[in-house]
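Worksheet: the structure to be examined is printed underneath.
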Amino acid sequence: MDLGLNEAQQMLKTSARDFLEAECPDTFVREMEEDERGFTPELWQKIADQGWLGLVIPEQYGGVGLSFFDLTVLLEETGAAMLPGPFFPTVVLGSMSIMEAGSEEQKRALLPGIADGHSIVTMALLEPTASWRPEGVEATAVPEDGGYILNGTKLFVPCAHVSDRIIVAARTGDAPRDVTLFLAPRNADGMTQTLLKTIASDRQSELVLTDVRVPASDVLGEVGRGWETVEKVIAWGAAAKCAEMVGGAQRVLDMTVEYAKQRVQFGRPIGAFQAVQHHCANMASDVESCRYIAAQAAWKLSEGEAARQEAAMAKAWVSDAYRRVCATGHQVHGAIGFTKEHNMQLYSRRAKEAELAFGDADFHLETVSQGIEL
Amino acid sequence: MDFRFSEEDEAFRREVVDFVEAELPWDWRNHEVDSEEPDGLKLVRAFKKKLADKGWLTRAWPREYGGQEASHMQQLIFGVEMSYRGIPVDDGGVSMVGPTIMMSGTEAQKRFFLPKISRAEIDWCQGYSEPDAGSDLASVQTRAVEDGDDFVLNGSKIWNGAHSGAGWMFMLVRTDPDAPKHRGISFLVAEMNVPGVKIERIPCMWGADRSLVTFEGARVPKSGLIGEKNMGWYVGATLLDLERSGANYSARALRLLEDLVDFCKENVRDGRLLSDNPLVRSRLARAAVDIEAARLVAYNVASMQSKGQIPNKEASISKLVGSETLLTVYGLGMQILGMYGQLDPESKWAPLRGRFEKGYMMVGANTVAAGTSEIQRNIIATRGLGLPRG
Amino acid sequence: MDLGLNEAQQMLKTSARDFLEAECPDTFVREMEEDERGFTPELWQKIADQGWLGLVIPEQYGGVGLSFFDLTVLLEETGAAMLPGPFFPTVVLGSMSIMEAGSEEQKRALLPGIADGHSIVTMALLEPTASWRPEGVEATAVPEDGGYILNGTKLFVPCAHVSDRIIVAARTGDAPRDVTLFLAPRNADGMTQTLLKTIASDRQSELVLTDVRVPASDVLGEVGRGWETVEKVIAWGAAAKCAEMVGGAQRVLDMTVEYAKQRVQFGRPIGAFQAVQHHCANMASDVESCRYIAAQAAWKLSEGEAARQEAAMAKAWVSDAYRRVCATGHQVHGAIGFTKEHNMQLYSRRAKEAELAFGDADFHLETVSQGIEL
Amino acid sequence: MDFRFSEEDEAFRREVVDFVEAELPWDWRNHEVDSEEPDGLKLVRAFKKKLADKGWLTRAWPREYGGQEASHMQQLIFGVEMSYRGIPVDDGGVSMVGPTIMMSGTEAQKRFFLPKISRAEIDWCQGYSEPDAGSDLASVQTRAVEDGDDFVLNGSKIWNGAHSGAGWMFMLVRTDPDAPKHRGISFLVAEMNVPGVKIERIPCMWGADRSLVTFEGARVPKSGLIGEKNMGWYVGATLLDLERSGANYSARALRLLEDLVDFCKENVRDGRLLSDNPLVRSRLARAAVDIEAARLVAYNVASMQSKGQIPNKEASISKLVGSETLLTVYGLGMQILGMYGQLDPESKWAPLRGRFEKGYMMVGANTVAAGTSEIQRNIIATRGLGLPRG
């Protein structure tokens, strides 16, 4: 057992931090909050040049061939820097699903484009049912002419507005898990995409599918077994999101401690007051706990274990802890932390999005309760 | 002891509710009005005039100043019914400035200001916080120097609603920079529409603004000095106590809870109504109890005031409990709304008109405004329980 | 609306406090913890002489005829003083049930004896099912020879060991609420009573009923409608217990503040440390909240309202708040508070008993959730 | 990173578990042994000897002092398996006194004490707390005056387990009353079985005792002085860090959780198994997550130590998180057991042998012992995060 990063991971982390400090300062994050696309192709290309988009893609498909755990090391930094844009959906939802379920042909056709930055891929899973369970998928895919006709409404689809491919989960049978994944082009006839305005100023969309035709060759994985992939994506997504959250939570802690040292009230830095000290200590405890429970999930998944329990525990814990950390950070910052020009609120708004993504604490606690044999 | 409203009080309550239901120019169930924005203030001001015509804004005040000499309980009832419906009638004029003037103002000031407040003829913004004086209010640095019949103001005031067009500010200013911290402060009311006053908006996370008001040699008449010069800390301290009542929080929270209950009875998640989910039931019930506890603590403050008793730690506890409860209810709402909770009011998919998303971002400011929860706890411990100062 | 006590209530409170300070100091409480009976007949008689045993019993039955709310004013003081013995069971379970459901004959036969201190009456409601719902009653009462034969096991029966009458709830039909109350003498043939050792050092018993015969004249209220009375008793009991808890919580707060003023560490009273100040402030907030939510329930019940919702809200809130107050009190007191010679632990052990009595927070929250129309 | 035990570590863990299952002279699933009582200590002592024969008590120590030079991780594994089964093998000798002597003792002291600790030949009780020195440990007042080859002790030590018959005490004593508070303290180990030592039991709420030890001119040899005279605060500070690891808390909590899960699967309330109650399920799952988080934080401390890094705030956080988690689990257990939770272990109706009732009363002491949670937070804030001292 060794809960520290190895040298290569440490280097990856440092270089990621350096890159993001230069390319994704808070001014950029703030700018992108108001930008229609929410990111710039320039930065996207630079990210591709860093090899990040193909980090976990095997070398034969144009990637770097590092592990999922390595990816989460990187995500901790993108979370800390609040990197805007479709990085997370593409590397976690897009490439991980294709690597998991794609045919050799699909991998060859799609992964190199993702790795080199030409292709952005996301997944359309949720619907107005807002459920992370297979029963929540009500969109239908009906076979016709050797292909499929998709109908339904997808909600909360991350970065659909800039994706060229969207992995759509649709129902192909009546049993709860009769779900199939389709690699639909975003500009397919019958697909209407509308941006949703959200608390985190990220770019989630509503996607209405009206008789969208997808050829059989764009079925991802086996028909009727898509939920197996989705389950893995939820676990990966949860662990990956936890890594982002750990990065954010650490940043909130750092910024709060810094503020507590500098803000003077009653003739001394507020950090000299025990109430503020204990707030900061509680935040530090939360961040420390988040770090290892998140790392365990990422590491076990990376090692090829199902790690359903570990991922559930991580997401359940980190979802709540990050929210607590932000709430306490706000309390220490006082009014200034609520202003748009302050970074505090950038993090706390994203904390809410992250709490919900891939299931909130309640969702994962039900998994945990099964895991402890209840 | 008597937990029921008197017949008179209940009749008044009924009258208020009926009037609001009939006269409110917007649908409070579906629209939030933000009086810290110019449009919102205009709307609120118009309705406040109607309420003022009924004499309700200052119902507990003496008749000579525009009041109806009703009990504090009726004042509370009025405030609760307004808060419940999200009608922002209180800009501090009735709850803070008026009582302060009544307690410390000259007869001339009383005759000038009180009827104006009572008739909703002036709008107020607060001038307590400064960039370097937040929790440590007594370190206000805005200078007021006497010059003839005027004070000349230099400095800045922050987190107020001046940009909404509120015409008057009540503020603490430093009139003696050499005196000990608490002894060189004066309590001043002044019009904002004078040369040398700059108002800048500070955009906040919930999509609305607060203001930074900068005074650069602004001249305001000395007649706005309330109480003795250099004694403003003690004049204003009373006012903070008045601000620290919590009835508005629990009233607001109750309405949110009712919205949530309705939402849960109408929305299905994972194959069942949210209202059939035992976790949701338990949490909503617990919130209902929290609200009830906060409500009663606040009512006790009014009950004490009605009997001429001066609430002390009771008021701080009420503020603490009330604001923390509201925070809890918003957090619970966001938890129950789940993925939908993150949607902005502008989104067509936003449930309950996005009220929770916006409020969730705003509510944290409640446990910071008018003394953070930490400051409240300090006050409860030292002033209320007699623990030694740290 | 007036949330203060009136003059008579204030006098009752003051005189109760004076009496208990003299007759029930902490030394006595500690002594009674080790005493087999758990109280003394001398004190019992003095309590009777104070009129407390008949406080709510109408004058025509030898009582004082005050209101239930007045009783809770008194109970706040007995809770503060941790009065040991069967006062609570007798005045709340015994006399309130008889007043509610008893026939004129039963009232005349039993209430004067309760009021003058000669008779101690308790109620045997719970069973190994440990449920406060009617379904929890599994003991049976079968008609025979114009009377009833009772069988079953009752648990957690307060002060059964010193009671002469025990109001036994037993099932007389198959529908959940087919429950009847019986006024069984404690020395009835077939009734075995065994003391349970409990956290609060109170005197709860197991009661095994084996073919216990009760004449029809000792049915309390109507056959098959006993649960209506039990429901009221649970509401009264909850409100009454809340009053005791408010008294205890206020005492814990006072004692903690006092200790914080006097205990010096790091060269100053620990009450000068913000962490301790905030602990005390939180305790004070809890006590303040407890006070009015408890009073509201007691007052509405006293006014004859069903006040199911108010009683449930009070018990749910106070159960948790008192536990919090005690936990924080312990934290401020440090090690000394855990010693038997310290009063802190006397209160925290009783807080647990009180939390459970007449239903814990979960039980009452379900009532509350119905009350808010969920 | 590697979250699995190495093959070697896992083999060791297996060996420990197998040995305990085979050799433990009591049924740990059903009996709690209290080493702070004479009978309990006797039982534990006998089993410790067997563990010592395997070399496990001090597995991470150098061979010359009776260790096996294994990793800190194996020491942790051993401790966790013991804590999980409630086997109180650590009286401070292995975790605190030994390391302190190893760091600050003379060669002679090392050769004398360390093998004895390793072979479980001496039992320890703590001599830190005094009636007036609790959180403020540096204000210890027990005087040690040099007299020939001895120190003469006067004063008292409290909250220790001396009444159990533990033969030795490690303590902080004041050797220079005129020096600044932290500079006049020495770290001393001494046998209790000498004239002038009075041991009085202090009964505690959970039914067991702690001791008040009074020294009245007790003479103990100077050879028990560890490190420099008057430098004991700094010698002992290391030791407190060692005490602040949290793995034992989470191991204990995990076992309690497993007991609760079993209980819930076997017991019906209101017509259904407790394990089918969604509130119970959610709370148990949340506790499982809390425990896992606490466990990993503690394992990270051992992981750092294994790599020669010195944990600082990590250790305090681990203690804080661990002890608070254990508190939560006991509280949850009592909540789930409901009416049954209040029954004393002696009652035949007591579920899980009354373990929760007793532990619930005891566990609060955990957030007080070895530095209250407040003190831990102070340390995390000032030493760990660099916030200014208040």
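Note that the chains take the letters A, B, C and D in the order they are written out, and that residue 1 is the start of every chain.
Here is the rule we go by: contacts are C-beta pairs under 8 Å (C-beta built on N, C-alpha and C of every residue); 3 or more make two chains touch, one makes a residue touch a chain.
The structure displayed is predicted, hence computed values, not measured ones.
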Quiz item: Pick from C-D, A-B or A-D: which pair repeats the contacts of B-C, with over half of them the same residue pairs?
Solution: A-D
Exercise. Between A-D and A-B, name the chain pair that shares the greater number of C-beta pairs in contact.
Key: A-D
Quiz prompt | Chain of greatest Cα-centre distance to chain B | solution = D
Self-check item: Gap in Å, rounded to a whole number, between the CA centres of chain D and chain C
Solution: 39
Quiz item: So, what's the distance in Å between the C-alpha centres of chain D and chain B?
Solution: 51
Exercise. Indicate the residues of chain B shared as contacts by at least two other chains.
Key: 279, 282, 374, 377-378, 390
Self-check item: Residue numbers of chain C (touch at least two other chains)
Solution: 273-276, 278, 362
Quiz item: What part of chain C is in contact with chain A in the complex they form?
Solution: 273-275, 278
Self-check item: Touching residues on chain A, where the partner in the complex is chain B
Solution: 126, 128-131, 133, 135-136, 155-156, 196-200, 206, 264-266, 270, 273-276, 327, 330-331, 334-335, 338-341, 345, 348-349, 352-353, 356, 360, 362
Self-check item: chain D residues within the chain C interface of the complex
Solution: 129, 132-136, 139, 158-159, 202-206, 210, 268-271, 279, 334-335, 338-344, 346-347, 349, 357, 360-361, 364-365, 367-369, 372-374, 377-378, 390
Quiz item: Along chain C, where are the residues that touch chain B in the complex?
Solution: 1-6, 9, 69, 257, 260-261, 268-269, 271-274, 276-278, 280-282, 284-285, 288-290, 292-293, 295-296, 299-300, 313, 316-317, 361-362, 365-366, 368-369, 371-374
Quiz item: In their complex, what parts of chain B are in touch with chain C?
Solution: 1-6, 9, 73, 257-258, 261, 264-265, 275, 281-282, 284-286, 288-290, 292-294, 296-297, 299-300, 302-304, 306-307, 313-314, 317, 320-321, 374, 376-378, 380-382, 384-390
